[in-house]
Amino acid sequence: MTLLDQFQLFLKAQGWPEWAYYTVPALAGIVVIIGVVLAAVIVYIWWERRFVARIQIRLGPNRCGPEGIFQPIATAVKILLKEDIVPANADKVLHFIAPIVVFVPILMIFAVVPFDRGAILVDLNVGIVYVIAISSISVIGIFTASWASGNKYSFISGLRSISQMVSYEIPVVLSIVGVVLMTGSFSMIKIVEAQTVPFILLQPLGFLLFFMGALAEMNRSPFDLLEADSEIVAGYHLEYSGMKFAMFYLGEYGMALAYSAVITTVFLSGWQGPFLPGVIWFLVKVMLVFSVIVWIRSMMPRMRVDQLMSFAWKAMLPMALINLLVIAVEVLVIPSLQWLMLIINFGLAAVLILLFSRIFTLGGGRVEV
Amino acid sequence: MTIALNGEEIGKKLNEAIPGAVVSGTKTAVLVDAKQLTKVAEYMKSTPGLDFDYLTVVTAVDYLEYFELVYRLVSLKYNHSLILKTRIYTREDPVVDSVTPIWRAAYYQEREIFDLFGIKFEGHPYLKPLLLWEGFKGYPLRRDYL
Amino acid sequence: MEIIRPSVSTPQEEDIAEGQAINSLMEQCRSQIADPDRWIDEEIKRNILLTTVDAAIAWARQRSIFPMIFGTACCAMEMISASSSRFDLPRFGMDIIRFSPRQADVMIITGTITWKMAAAARLIYDQMPEPKWVVAIGACAISGGTFRESYSVVPGVNHIMPVDVYVPGCPPRPEAMIYGITRLHAKIVKGTFDNPSLSLPK
Amino acid sequence: MRLTLDGEVITDVEPIVGYLHRGIEKLAETRTYTQIIPLTDRLDYLASMTNNVAYCMAVEKLGGIKVPERAEYLRVIISEMIRISSHLMAIGSFLNDCGAFFTPLLYMWREREKILDMCDMISGQRLLYNFMRVGGLSQDVPAEFITSVKKFVAEMPRYIDEYNQLVKENEVFLARSKGVGILPKETAIAIGASGPVLRASGMKWDVRKMDPYSVYDRFDFEVPTGQNGDCYDRYWVRILEMTQSLRIMEQALAQLPAKGPICADVPQFFTLPAGEVYGYIEAPKGNLGFYIVSDGSIAPYRLHIYPPTLINITAFADMVKGWKVADLILTFGSMDVVLGEIDR
Amino acid sequence: MKFERYGVGIAKGLGMTMRHLFRAPITVQYPEEKLKISKRTRGNELVWFPDRCTGCGTCTKACPQGNIVLVTHRGEPNKFIVDKFECDTGRCIFCGLCVESCPYNALAMSVKYECAKYRRGDLVLGKEKMAVSAENRPSAYCRPQFEEGLPAQSLLLYNREEGGQKLKFIPLSTRKRGSHA
């Protein structure tokens, strides 16, 4: 029973017409979700700027409001009021559509993210599949943007984004399947409820693979090839300004937030935790995951395109498959002995990492021309 | 210590190997005939005992009557150096042989001289202005510019 | 003023086209562009009250400037110093350095602008969306500095674009640069600089 | 930089320079010998002290001016300090080109700020010092300078350790930089490369050792070399050179005469005997030379600057052909290119 | 290239950044707290002592780009009266050669560096603006006699206790509301 269902029943009891008690809760839920997500994005942008600044032994933005918390709002207002430029050789229609295609799916992911027990917009019984499906739509927007800009740097960025997304989708899905095997359901709520022990402990390797794949899918360092500013200036949103750029910008952080939320839900046992209310636990965990992403970003060099590809196909895919196989056997043979699973899976992670660091080579070659 | 070789002795040696190449040899430098420059350069690079494999500075000086090209050669093997000079006695369309095929170090420096002095280097693989843009009028480092 | 950029294919043609563009730009930019006087006259100022919305917009613009650092020479190093840990320009909300002119608000010209570079500088200035500002940092950007007599240096960047704030020095200290940025903030907020209440804390 | 690409693979590259060509050589013909010193500052603006030293040494060589002992030692200390700061900048921006989001750069910039502080103390400017004069230094250094340099020398090795921890063993960094952008030894010699670029290719050639100028023959230091000449070697050679610079500074501080004149008696406007001279030193970027032709007046007849970075990028096309665009950026970053010096 | 160290290198780097997270930031909050700059600083203006200047014009000769304009007429014996003394700080490179060359110590560098202006014309300094005053103080560049009045430089190298850069963390609540910067 989610909060929305309760709201619906309440309206029904008040004697509202039938169409109203379906639409009103849905609309209210959408508004709340969008509001919460945008507010969270703004807080997390501020958090990233301050956190990176502290790692870099400086202070970071601290002039807008207390400790600079209104900095992202100022940024947002300013960007919205900028002049909107469409380049002369751009594809006008696609140039307009692309930011929307990037931004909307990211909001849509949050529809199935449980913020608390029952605090979910819609409890789909294929929730996790929905997340994976929706999250890869925004790459189409990225590619559209890069094509429509009519700029060669943007286009390189778009090509990179497609190849990156296609290769990293597979290990991500395979590492999720391990979780699904253990839970026995695709539903996000069921996944959270199944985690008496967080799955990060039960499936360390799955978590690592999912985390790396997520980093690649949200174009964060060390996989931030799309916007490698030293190589291809600013990537796909090079030719965008004003509101459209704001959408890309929010989309970028929204994506990071969405993946943090999914990781929290799937591997860190979601809202569950002692003492505090569920939603606080959830937000704290999301913050933690996001901080780790920022932390990694602050010092990792960027990988090269071919190294990125070979890493996905030669290292992550076999590891994910072996992980899946072992978990399937475990679920079949010892479904109730979680402490044994824990030991086996940690051992497996260690062995596979050692093994692959021996046999795997990042392609570092010169292509003869 | 990099030993600066005596130009007089080298000049004598050079004149024996390539007759008529040396115009004069002073203590610090050897002045060679511009027409024999390629031959001299090859001799300098390949003769055992000289082995000038490392070309450092290539530059030109405008003395109004003539352009003087200066090459400073270093041998990493023997740690000695020599200054080689040659002169071009024309201001309109001066041409000299390029040493880029022998020492690649001269690649950019000859392009720069072409750009700023207007001296053409025959045999240079890619003789285009280096620092200034196409269509710049005049050669700024000549003494009569401006 | 317009820079002619014909479509070309081979490198040679490209070079020649670039040279033509530079020469035409040199012809066009013989005189200085007057400094933009965006402030309001005393007379009008008494009659116009800035609304809250305007104030909010000005606040947002002032607090989050995306700089387009057009750094060519020595002053660019001091500009990096100013945004590095010790002086930390990002405190003013300038930590997102966008390398794309489409998203930039202020073009910070640090270093000598040669005629060969001037065409690119002008192009980037044209590509920036309104509202936009230009800060010229260092003697070379302001007037050509010690290279002013040279055959290839633009005698002051105000020959090719209007400049809002001049920061003298060769190179100015990072503090001086930050002071210049705060002057720009003052200009953004009120569109004027004669208001004594705006003076910075000493 | 004009690139021809096949997908993301580079088929041809032609560095196009000259966007910062300011005509320093022409301007120098109209200025007196002292007035040229501020111009030389603006060549390699990350290491302007060494430019000053190179120019002053060339003039001193032609004029036969003897520099006092104390000035020589101070010159050595200051130019080694500047070498460290230049290398820090080079490594930091190289790591930044790798994509490390400014953090290593900012850590290195912290130490660079310390050096700039000390230069500020002696010369009054943070970047372009104009501190050397023909015949010595413009002013004596304050007493605090020596103590702060001693403190700097004492604590710098700790920071170098920190840098090594930060990225030296990072797998992604190794994968990106090892074996990338190889400059073989033969090519390096043929193109006349110098400085860390030449030494990373395995050639043990340092002007400070092979042709000691100033008082460098009195110090005991090593010349670090690499084996492969790839980006990683260039990075590593620079790190090692910083350690050697610290060693030199330590010895110079110990041998520094406590008192004495700091400048030979040279007036502000002076003439040199007619003639020509080539003076060169080992600048942080490589072999920096000044070729001066004098006609006996107060201004040089011709001043030519031999820029190490322009020469070092001669073989750049060979190094990156067949590699990806990302490698090009990395290789270019590892060459430590300063445009002020290339274009003059 | 193999991952030979099993990710240990990455972990080391992450540890290093984490260690820096708990170090004090080295930031100077510029408009509120100012670094004490070098005594010899070559600030971005010139200081002129009108009573000492004889109008000899050595500074104009020493200037590398001929930036100092000096117009005089003959007054008392051995002294010129300065009609116009002008320096375009927008063009000056603050090399200090004019200060160095002045035979009567009548010119010094200023300690001022907050000189940003809105108009190009404001950068040209005349006699009045360059004359020595309480705001326009000389620095000790080539003028060691002024060294005593200036504060000791705060170096990043030293900690606060040793008289180095002062790292006072200003909490935001104490800062004036609506203060500009």
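In this document, chain identifiers A, B, C, D and E correspond to the written order of the chains, with residue numbering beginning at 1 in each.
Criterion: a residue touches a chain if its C-beta (ideal position, glycine included) is under 8 Å from a C-beta of that chain, and two chains touch if they have at least 3 such contacts.
Since the structure is predicted, the reported quantities are computational estimates derived from the model, not experimental observations.
Touch-path distance (fewest steps) from chain A to chain B is 2.
Farthest from chain B in terms of Cα centroid separation is A. The distance from the centre of chain B to the centre of chain E, each centre being the mean of the chain's C-alpha atoms, comes to 46 Å.
For the pair chain C and chain D, the distance between mean C-alpha positions equals 30 Å.
For this pair, chain C with chain E, the centres built from the Cα atoms lie 22 Å apart. For chain E, residues that reach two or more other chains under the stated contact definition are 1, 3-5, 7, 10, 13, 16-17, 20, 25-27, 29, 37, 64, 93-95, 156, 181. For chain C, residues that reach two or more other chains under the stated contact definition are 84-86, 88, 91-92, 116, 146, 149, 151-152, 170, 173-174.
Residues of chain A in contact with two or more other chains: 53, 55-59, 62-63, 298-300, 362, 364. Applying the touch definition to every pair of chains gives A-C, A-D, A-E, B-C, B-D, C-D, C-E, D-E.
For chain C in complex with chain E, the touching residues are 32, 35, 85-88, 91-92, 139, 142-146, 148-149, 156, 158, 163-170, 172-176, 178-180, 182-183, 185-187, 193, 198, 200-201. Residues 17-18, 21, 23, 25-26, 29, 187, 189-192, 194, 203, 205, 210-212, 276, 278, 280, 287, 289, 291, 293, 301-302, 304, 306, 310-311, 313-315, 343-344 of chain D touch chain B in their complex.
Within the complex formed with chain E, the residues of chain A that make contact are 53-59, 62-63, 66-67, 295-296, 298-300, 353-354, 356-358, 360-362, 364.
Residue ranges of chain C in contact with chain B, taken from their complex: 15-16, 18-20, 22-23, 115-116, 151-152.
The residues of chain A lying in touch with chain D in their complex are 52, 55-58, 156, 221-222, 224-225, 228, 230-232, 297-307, 362, 364, 366-369.
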